[in-house]
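Going in written order, the chains are labelled A, B, C and D, and every chain counts its residues from 1.
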Amino acid sequence: MNVLIRGRFAVVATVLSGNSAAAWGFRLSRVQCYPYYPITPSTSCSEQISRWVNDGAMDTVTINAESEHSAASQIIAAGKSVRAGTATSSKGLLYMIEVLENAAGASIPCGLFIGNRATGAPINIWGDHSDAYAMRDSGVIQLFAADAQEALDNVIQGYRIAEDLSVRLPFAVNLRGFTGTHAYEGVEIPEPADVDGYLFPFVPLYPLFATEKPVTYGAMLSGNFYRRHKRNQMAAISNVPEIVLKAGREFGERFGRPYGLFEWVGDEKAQLVIALMGESASAGEAVTHHLQGKKGIPGVALLKLRLFSPFPAREIARALAKAGTKALVVFEEGLHHGAVFPPLAQRIATAIHLHLGADAPKVASVIGGLGGSEVRQQHFQLMFNLADNLAEGRPYRTEPYWLDIEEDPIFAESEKEVAPALWKKWGEVWKRQARKEQYFRPLPKDTEEIRIYSRAGQGAITSAVGFTGAGIQCGHQLLTVPAFGSERRGAIITTDTLVNERGKRKIRSFNRAWDVVILYDDTILSSPAHNVLEGLKEGGVLLVNTSRLRSAKIREILGASESRVRVFTVPASEVAQGLGLSHLNMAMLGALHRVYEKIPFEKALTYYEKHVPRPREASLEAIQQGFQQTADRQAASAKKERRFVVSNDFLDWRPQDHSLDLWPSALEEIQLG
Amino acid sequence: MYNVLYNRHIGPSPHSFLLPEPVVDVGDYGAILTTGLTSGHQGCTGCGMVSGTNQVLRALKLTGKHVVASIGTGCNEVITTQNTSCWGDVSVDHNNFPNTGATLSGNIAALNALARAGALSKDAFVNVGMAGDGGTYDIGLQALLTWIARGEDGIYVCLNNQAYMNTGIQGSGATPYGTHTTTTPFGKVIRGNQRTPQYLPDLALAAGASYVATACPVRHRDLMIKVQKAAAIEGPCVVEIYSVCPEGWKSETDVFHEITELALQTRSWVLFEAERDRKSNTVLFTLNHVPQEYVGVMEYLKLQERFSGMTEFSEMVERAQEIIESRWSFWKPVLEANGINGGDRAHDL
Amino acid sequence: MEPQDRCCEYLSGISPVWCPGCGYYGILSALVEAFAELKLPTQELALISGIGCASRLPYFVKTYGFHGIHGRALPIAQGVKMANPDLTVVVVGGDGDGLAIGGGHLPHVARNNVDLTYLLFNNAIYGMTKGQFSPTTTLSNVTKTSPFGLTGEAINPAALAITYGATFVARGFSVKKEHLRDLIIQAMRHPGFSFVEILTSCSSFNTIDMNVARIVNNQDLVNPDHDVEDRLAALRLASDEKKIHLGVYYRSRRPTLEDKFKEMRSSAHAKAKSRPEGLVKQFL
Amino acid sequence: MTYDFTLRVAGESGEGVITIGETIARIAAREGVHLATFRTFPAEIKGGPCMIQIRLSDRKVAYHGEKVDCLVTLNQQALDENLADLREEGILLCEAECDVPMEPSSRTAYQLPFERLAVREIGSRISKNIVVLGALAHLLKIPKNRIEEFLAEKFARKGQAILEHNRKALETGMRVAEVKISAKNPFKFPKGAGQRRMLMTGNEAIALGATMAGMRYFFGYPITPASEIMEWLALHLPAVGGKVLQTEDEISAICGVAGASWAGGRAMTATSGPGVSLMSEALGLLSMAEIPAVIVDSQRGGPSTGMPTKTEQSDLLLAVYGSHGDAPRLVIAPTSVEDCLSLIGLTFDLAEKYQMPAIFLVDQALSARLETVDPNTVKRAPAAARLCAEGKDGGNFARYRLSDLAVSPAAIPGTEGCEHMVTGMEHDEFGNFACDDETHTAMTVKRFRKLAAIEADPLSQGLCSYFGDSNAEIGVVTWGSSAGPVEEAIKVAKERGISVRGIVPKILNPLPHKELATFFQSVKRIIVPELNFVGQLASLLRSTYRVSTINLTKIKGVPLEPSEIVSVILETAATLNVRRASRYGTAR
């Protein structure tokens, strides 16, 4: 949801990652059986839950399953008696699909949280929707969350929907891997009592552990029984949209955040609409708000789908008709594997064809964001431009477009830009397409951004999350997204933090224009793969942890002038060492406050007193010293300085030459004898 | 690893050092009051598995607990839960083929959760997992062994008819050496099943089971004692039941008893049980039956068509006999302690 | 303060340059712990060394240090001790420095019984120059300069020291650090010339002669009832082929060089005036 | 009244030739007579020809004289070898049995049966030399009681019997001389001529001078001709709290000096050419580690073992440059025994002040010759000390601190807070090894600026002695013991009407550039006489000043003789009036 307004209950937002928010969802839903099996990127959700269980904060039976297949089997078995749930991703989900059929078939309302991640070969650990698409026919209800708050809310609403007597089906809440699961942002955690009032305790319909009425699940049914059973199952899933709306409305009344089947962002009357699901929409929202009402831009809107299975075809069709949409571009992070369109586009196309017939808007499909590829703002500018071409009736492709493929761009002026084979196929379309400049005006930068280059294991994420928490406590909206992959300790990783002061509208997309760049290690300066000045605003700040390089020397290494970058240094390693801390991240946190004043240091300290890692006093001291010892003057060198500055003429001194040439003499050279 | 301890006593024994008092011993011929499966299952005539299931459920009834069965796909499931048929007063949760162990684990967790929530008392119920030899030795082994390794309290019964019978007699992990099956045919070059079975009791003990036993429906007294013990003993217990399958073994449907007796006499099936004392990490092995005189394996093979090819080849029969002797050599200490050496004098206590 | 805490008081802050896995690290820490145990103020300590890996040790210790020339650590130390008897002088050097080029000085400093402690790091190789054989290289160890075997029989430093009349001879092993530390303490407390041969391996160039495993397997401590006064028994221990005995071989008391100079001074006093001017009379 | 009388006593080593010479010299010195002596030693350990020549004069004499006024020979071989040196009117006193070649000369020869007299009168051949002494006493009119007094002192410890023998032998000698020797002798032994003088050899002067300069730690190894220094010190240093250690070799000696000096004492060693060669590596160490030390090099005939008992001046280049690398050191060369006594103290002062090794170059002739010395040269007090830090540096004491000062403060081991490393490796200011280019250049500059500082130091001014008149066109430059013969030669040349200017620099590294430069400007020819083959001082002067020199090189194992120098002077003078384009600058 994009509106950040206080719930009726004064609930203070806490900093949570997407995974932790989902874990809170399970906790608040009082799930009673939580088997788990680790798989990136959803692991930390299960880790959080097992910490709570072992600390006695959550009354749940956890099972250390030996595979996702067993974990799913366990929630389906337990789901017959108690509320059960688990979290998984990618390949794990694929293992589960084999047994999830039984859950839907046996109408077990267990819950899943999926950290969406690419599936299949080649192996890729970053986010896209291919795992969610793989399970779409397993009979499980599928909800998509766009950020951590929605992940938490959707898990709670998931159980409410799934356990509804007219449904009784398993559900899954999807959140994009890393950009969603590992992004840290402010999340309001509802009070358990409130949630209990919204989600009643689990009531098994046909409990196994019933002394008087034993039951049999999973009987073998022949055709006659089987088709009737399946028909009932389909009937149950078709009830879901209505239940979702009811649950979403009640959630809004109770917690101040209403949910529906989808979210319409932008103009009421929108000729050009982009439909998509999940976290990547954050960049789209920024572009939509930027384009609304601009000259030469017909109404634009973003259709953020929440309920994917069952697909609310009628409601979507009606919404598009109401908005008078002429062109619809469906952006999705999954593949069509030979189908007409990838799943979302195919469902939308079918829906609007059936429900709107002739005056259905034109539909084009765009694939992007695969395997963690970045979904940037200019992608949406491109797609709105494409929609504009569709609306004008220009020819367009009847197969998916691709983002960020050099030889297959959306718009191409000449043959040279594209692969010859493609020109042969789509040359005509390209020729008739028009790239309109009004879509590509640069967006305003109303957020400030900080990038940290550090080495894995240096604790950069902990410090960025601490900073985010402090910022939120001061009333701002912050988002921290670490970018890491299968790096081992020591490799260079980045952690980006976005600060939105005005907090009017939640912004979750980066402009990649850094106000502050922080180096946790001065050797990163000389790393060929990293240009630390790239993206740094003119006159931006470069904060370096070093005790041997002076500011002037760093500028010299970077070949940057004083006006290009203001360089600050802090001997963080020495500070940490002095305090016996194994990490220098706390000192760097203090230093960040020195160079970036937007988050006042004193107010932040009150937050840090409660949230710094152990040992607390040493960490707080490190923050203080980091703050004080940041300087842009010469870095004091601790090494034993040479006392006498050796001047050149000292070095050039040589014994005096006394040869005869220097003075007149009457000497004559003669040889005797 | 664990220390091996031999019980001098040979024969079924209701006593166990893990239990405060012995279990109910129905004796040889007493009337068995309880009922097992409701009538109307669709098993083949002469099917040993159904009688095995029946006796297990009767034994569990003796313990006075309600049974919740997590069963895996296989003959036992298919023939007992067709459309609306069920197991009588036993709740059945058939989940899938490879995850009997996992389903069992899920139900045990549910029981714990409910007990923790005060909805019911834990010892009113007993969780039992049942699967065939394919669902136990092959596709379900991972779920089973990790269930045992987690030390969850319940029983796992394997109805071993030594092949995938439900899908038309394909070779499984439990198929004996030399057996003809559709996937291990007795060809001209490769004569029948080349593998020797991997023996579930050894795996279960290695995985940390508290109690392991082998049984056969013909010795119903011994079987029911063992099932009761398995129910009473804390921790994961595994019972493997010899299930005659005329269809798969290509034998007459009325030789159920003769085949089982010959199996015992030729020692190709050995009745024993093993109880683990976790503190001292020792396992007490008790031999429950010694044949009066050792009969050559040929007698056993002759009754079943699946071995017909093998009986022509003396070296294969010798190989089968070797397998039996090597397994039987494990009991040498018990036999010597009881003065039994070879086939001269055997007694069945 | 615990001796260990006071150890770092003796470290100079320059980190050792020895190869990783070198036995000298053990010896350095044993030496520093010995200093801490003896509670010696750093300014009353002088470490004299020649050239070689072992001779780099003084740089890493915060005391007075003299990094002299190859093989001449002992005579330099003798001069230091003569001019400044209150200093506690410790000489460190390798087997090449001490027994090859410097071999000539050992007998004389020993028989002069100069009150100093000589630690000979015996790794049976020239390490600094990267792997030439040294006087203590044994077996048919192939080195860069003995590709086809050695020319001479290996020297047994401890036995040599005993025959040279050193009044304290011991043998330690870099791996047994505590034992080595005690040996060094005894050596420094001994008035007169104390010689400690320290077996150690050179991880880069010689893991054959002073193979740690071989030493560990057949070494044992000198049994307590060995008579340290009996020089022949000490010699037998030192030159035992089979077993390597670790501990104090020989210890006896003899007037040190300083004592002799005091005697000379008193007898000279008896003979003549003590003021320099008194010397002039003989020329008039 | 002026007198200048040269006496030479020659004979078999062991016959007491030296005792006769020493006794006369001692007695003369006590009478205030100026003395210059020269003696030779046989190469053999025992026996072999040897002689001692003493020149008595009322003025300071630098050379022991070419021609001899009175020759005393104790055997035939001595007579044959030395007769040529007897002046025409000279007196020969020899053993009776010798046959004296009586060619027609105005020499008068007296043959006395010393041997027979000694045996018959006193009963042993040993007292033969006392009999000769008695004869000489009569010849030179030396008062008998002076001799008896000296003999009593010298043989005091030998007991009354010996004293009695000596007295009888003396009387016998005088009695026979009265009979045999007629008066007619120009020299009359002076009595009470001046202030009583000290008489000592070069080695003794060095030993005494060093002791007076505060040297308390001597390390030495026996080597001819420097052993006497160690022997004297071994006997006398302990009394003043010093320590003498005879080491196993010269290397151990110089290292002992390095250690003792670093430890805070003034230390010294004395050796000859072979010793200095062995010490060259340590010289480099002393220079690099900036440790003061004094090394006495009594040069002998080289190279290698060479002629141990013969004199030569062939170690100069070794002294100035000896050691690998640029290793600066101080080189001082005394010209006389008195110089030895006074300059050794100055050498210690300069070495300590500039923290560098110093080589005190003497040679066998100077080491061995007896010479009278003005007693108050002994009273010289040490004029400089080592610059030491007090230890207030709080733990990071920079021993080799670079600064505009010539030297950086040292620290005596034992001073609190000044723990530091001295090392032969290139080092930074704290003594830690540092081999980067800037450090090496800076440290080398630091070490060589010392020589420049010494040059400007008042202590090292006035270390050149001059002879002859100042506007001569012929210049003679020499060093060390050759100064005596040059001085003599200049006198002779003057008599021959040729004006010659002589300069003898006593400090050879750093050379006294100003004084030498002005000297070279004032002359047209430079003659450089020295006792080595390649002309080492000449090559030093040529390389430093690029002047052309006329080299007079002699390597006969004996000092230069004035006549040899005069002949070169004459030859050079001949070239003076020949006009020749001057290769150097404009002719004045």
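Convention: a contact is a pair of C-beta atoms (placed from the backbone, for glycine too) under 8 Å apart; a residue touches a chain by one contact, two chains touch by 3 or more.
Please read these numbers as outputs of a predicted model, since none were measured by experiment.
> Could you tell me which chains are in contact with chain A and with chain C alike?
Chains in contact with chain A as well as chain C: D.
> If I rank A-D and A-B by number of C-beta contact pairs, which comes first?
So, comparing the two chain pairs, more contacts are at A-B.
> Averaging over Cα atoms per chain, report the distance between chain A and chain D in Å.
Distance between chain centres, rounded to whole Å: 95 Å.
> Which integer distance in Å separates the CA centroid of chain A from that of chain B?
52
> With chain centres taken as the means of their Cα atoms, state the distance from chain B to chain D in Å.
The answer is 117 Å.
> Between chain C and chain D, tell me the centre distance in angstrom, where each centre is the average of that chain's C-alpha atoms.
Once rounded, the distance between the two centres reads 42 Å.
> Please give all chain pairs that are in touch with each other.
Contacting pairs: A-B, A-D, C-D.
> In the complex, go through chain A and note every residue touching chain B.
For chain A paired with chain B, touching residues are 32-33, 35, 59-61, 63-67, 69-71, 73-82, 84, 98-99, 102, 208-211, 214-222, 225.
> Which residues of chain D touch chain C in their complex?
Within the complex, chain D contacts chain C at residues 30, 196, 198-200, 204, 208, 211-212, 216-217, 219, 236, 238-241, 243, 245, 247-249, 251-253, 255-265, 267, 281-282, 284-285, 289, 373, 375, 378, 391, 395, 412-425, 431-433.
> Which positions of chain A touch chain D when the two form their complex?
640, 642-644, 646, 650-651, 653-656, 658-661, 663-670, 672-673
> Would you mind writing out the residues of chain D in touch with chain A in their complex?
396, 398, 401-403, 428-430, 438, 441-442, 445, 448-449, 451-452, 473, 513, 517, 520-521, 523-526, 544-548, 550, 568, 571-572, 575, 580, 582-588
> Across the complex, what residues on chain B touch chain A?
Interface residues on the chain B side: 66, 68, 70, 77-78, 81-96, 98-99, 101-107, 109-114, 116-117, 120, 124-125, 142-143, 146, 150.
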